[in-house]
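Report on the following structure.
Chain IDs A, B, C and D follow the sequence of writing; residue 1 opens each chain.
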Amino acid sequence: MNITFIGLGVMGYPMAGHLAKRDGFEVTVYNRTASKARQWTSDYPGAMDESIAGAVSNADVVITCVGADPDLRSLFRGDGGIIANTPEGALLLDHTTASATVTRELAEAASSRNLHWVDAPVSGGQQGAQNGQLTIMCGGDKASFERAQPVLDCYGKVSHYMGEVGSGQLTKMVNQITVAGLLEGLAEGIHFAEQAGLDTGAVIGAISGGAAQSWQMDNRAGTMIAGEYNHGFAVDWMRKDLAICLSEARDRGATLPAAALIDQFYGDVQAQGGGGWDTSSLLERLRNRSR
Amino acid sequence: MNITFIGLGVMGYPMAGHLAKRDGFEVTVYNRTASKARQWTSDYPGAMDESIAGAVSNADVVITCVGADPDLRSLFRGDGGIIANTPEGALLLDHTTASATVTRELAEAASSRNLHWVDAPVSGGQQGAQNGQLTIMCGGDKASFERAQPVLDCYGKVSHYMGEVGSGQLTKMVNQITVAGLLEGLAEGIHFAEQAGLDTGAVIGAISGGAAQSWQMDNRAGTMIAGEYNHGFAVDWMRKDLAICLSEARDRGATLPAAALIDQFYGDVQAQGGGGWDTSSLLERLRNRSR
Amino acid sequence: MNITFIGLGVMGYPMAGHLAKRDGFEVTVYNRTASKARQWTSDYPGAMDESIAGAVSNADVVITCVGADPDLRSLFRGDGGIIANTPEGALLLDHTTASATVTRELAEAASSRNLHWVDAPVSGGQQGAQNGQLTIMCGGDKASFERAQPVLDCYGKVSHYMGEVGSGQLTKMVNQITVAGLLEGLAEGIHFAEQAGLDTGAVIGAISGGAAQSWQMDNRAGTMIAGEYNHGFAVDWMRKDLAICLSEARDRGATLPAAALIDQFYGDVQAQGGGGWDTSSLLERLRNRSR
Amino acid sequence: MNITFIGLGVMGYPMAGHLAKRDGFEVTVYNRTASKARQWTSDYPGAMDESIAGAVSNADVVITCVGADPDLRSLFRGDGGIIANTPEGALLLDHTTASATVTRELAEAASSRNLHWVDAPVSGGQQGAQNGQLTIMCGGDKASFERAQPVLDCYGKVSHYMGEVGSGQLTKMVNQITVAGLLEGLAEGIHFAEQAGLDTGAVIGAISGGAAQSWQMDNRAGTMIAGEYNHGFAVDWMRKDLAICLSEARDRGATLPAAALIDQFYGDVQAQGGGGWDTSSLLERLRNRSR
């Protein structure tokens, strides 16, 4: 099977690598900055192409993992784009975290050339991509999802079928909304403990067995207390995702007061210089107040 | 050892029961509404007394588990109160969730009669009290904490020593602050999923293995989706606790924007008639908007 | 002077009317729904055209007052659009409340055909448009602003020159951000007074001479107390404007926590069925909690 | 008429002065820190007393203007306090901004000695106190309010009768709630303008004639832009007042999400060292984010 992988960033680079090592998959990569693609071909068994049109011209499956909505539009649209140049009948599998709106728009455009769309945003971070332990949330028709399964199995711990096109993206949004509230709660709890003069590590130890427990508490409280924020998903990405969530909520008649507020707090973190810190850095915003 | 237990509410009733069944503990109970104390003596091997002064007059340990700060002041202060009537040298062990301020104030008053204070708020809810599986967060001097240990072991899964008087209460506050953000995040996530027309249960299934995971997601998402809110700690109690947190934060120079906002959202739940619902009912507030 | 006016909505209809009555201005109108344009020509001395290209083909000034960003793009772009068909050297005067981003984008596209852009969003509402008493905030080069002045004078109480292209829009955003906080404060004040059982009208009377005074208090408190929300700018429009503000703030590194939160509260008003109510209906959201 | 004035702070000192200059009023002052009372007697024609009991023993009217609830309790209660020592039938007139709860509690205690209570919090700030231009919001029975009128006229621009005991305090709370939202909106507007690179003074000039207008915009925007925060009511006082509002709202079933959030933002200002700045310093919090 011929697979084209577009977007060799923090996530895509190792994901494409997992595919290349699988028997029966012929992988061709494309990256806007070609040097990264060249580097990739020296790390993994696979080819590269310097144009999108060339990269996709023989593909059975085209996988994308780029930045955000405008990036998707520019990659898929136009004469040199993915939709125009991919062989009819191929599968388009998108791992970008993007809006459901752009997803449906591009899926519809693709269907006019009989290309099948599966939106498949991931969670699990850089580490999950490297270890092949991602959680993948998929939208599209059921047959296309099943067709994607052997590919997803190369880097996914588990892949969930969530429903029609866009459902993968919407599920990812639920994840981000939930994480935002959870992290702000955790940050405020730790901030309070610090201001109250408690032994913060001991406090987390005392409460982590009960109703306040969370993956973030188990995995991030320690690094937060230590002021280390290089453990995962960056604030700049989170703001992109929350903007998508808030825009989608607006369209769907949902209101997300905490998510909207916390999005602004992430703006404060950016103003502090923390756009590249991981999302648990909401604590640093609280610590920064008095500096 | 003579133990007096004051406050046979949802929590205190079974906690006192666990003590009564332990060899070597002679338990006397007092409850403002005497009928409950009478009922208790028919369920468990122990005595009751209709006055505080009488109930504590021979106590080695006096345990309290009542409502809030004003209740503590009225029980401990005054000629007929606990401090005036408990034998010198006894241990005062308070399971009420109260402010660190009233805790320090009463502990100091008690020390003038050589009474030792351990503040020991609990988490684990009604079920934890019944099963003897509470998590207990303790403040006081280390020797007093150790003296309390055999008592705490009767209904505690684990007891944590957090530091000087008030530290137990402060630790419990960290718990409540953290839970508030976490639950609002979860409620907004579920609300979004519902408005987006997703299969909400499947969404929770898809994201509960990753960064959004929490005890609340594992144990409450299902009941939230079903609109069942009789599973634990009530909104009215939560507002009391958050008021304590916010007041303490004010004194300690901490700011808790999400907790402050969510406290108001719990006020909306109360206005909906949900003061007695459990804390996960933040979701019902979002659902109620359009009714 | 030949003036083309595009967009005969609540605002544009009377604004175009004021121009038509001015000596020396030959007004041609275009409206997507042609029937409204026809109606306008029976109310005012002026012509209509059923195509954009036709309407602008002889214009010295093209005025637009339409919905939002996508509407502007669709009107200005393309072979049949304003930019392609307006005579070189003409002035483009846009009264739409839109983003600074689309404004700069279109102004730049226009400049390639030597068309001059002034963004000129207004405040003062339907009444201001009818009475010719609008406040107009303008961005563009100074010469273009001065060229626009005689036009603006027909329906403006005052026109302010704010700086380069986009500055008019940015100034309007400052207005909306400020109004949002002000109205939520006023709504919470009135809600509190009602819940406290005060004579709310008397309360407003007592505080309106001091630090709490505002145009909104002077002009809307009475209608808010009466539950009348048909006095101006609609919630649906406000959400569009706040979305623009929040997106622009994101790009500019500003954080707007109250505006972000109140935007969500307007979402609650929409869910109540109040998308068409005026912006002071934040009060009704608070009243609705217990229904 | 014998008038006793207790509390010669920023507000009380000049207020007592206005009374002393009125014919027919014999003024005796008491201040906890006696040196201030001594200073006052050298500035104004009146007496001082070093004990509360002595100061009130011949009073027809006892006026208080102190800090907060606990201060009132300590002044009015006890053997040496105001209630025990004021002649029966006298009028108690309280200008402190305090809770309605403590107000009703003390008014009731006072009535047992046939003392009449009028709660009369003020607005207008230090300048209003000095110029005798305060706005005064009164609660109590109508007859007592009328009895207080000649006194209030000495330093009030206008006095409003709001209803039964506590209504003055509740009205003042409405004022504070409203001001909080208004100032945060104004601060966010200015912050946005600054980040957008606009001429902020010109922006305020452009929008101050319309829907965004407020007393704060007219009187504080200029000083805010200049970063001057010594123009009135301090953040520390505001937090006391907002705590009262939020506690009262809790009891009355009102929810105040913006006020609750802004109260936390004032906490950030305090953490920045701005407890003594005036309430418009919410802007400085936004400016501080990136430092």
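By definition in this document, a residue touches a chain if its C-beta (ideal position, glycine included) is under 8 Å from a C-beta of that chain, and two chains touch if they have at least 3 such contacts.
The chain lineup, named per UniProt: A, B, C, D = 3-hydroxyisobutyrate dehydrogenase.
Just so we're clear, the structure is a prediction, and the values are computed from it rather than from any experiment.
Of the two chain pairs considered here, C-D and B-C, the higher C-beta contact count falls to C-D.
For chain B, the chain whose average C-alpha position is most distant is C. The centroid of the Cα atoms in chain B and the matching centroid in chain D are 37 Å apart.
We define each chain's centre as the mean of its Cα atoms; on that basis chain C and chain D are separated by 39 Å.
Chain geometry summary: the mean Cα position of chain B and that of chain C are 53 Å apart. Listed for chain C are residues 249, 253-257, 261, 265, 268, 271, 289-290, each touching two or more other chains.
Of all residues in chain C, only 257, 261, 268, 271-273, 288-291 touch chain B in the complex they form.
Partner chain C is touched in their complex by these residues of chain A: 239, 243, 246-247, 249-250, 253-257, 260-261, 263-265, 267-268, 270-271. Note for the complex: chain A touches chain B at residues 100, 123-125, 135, 137, 157-158, 160, 162-163, 167, 170-171, 173-175, 177-186, 188-196, 198-199, 202-203, 205-207, 209-217, 232-233, 245, 248-249, 252-259, 261-262, 265, 286, 289-290.
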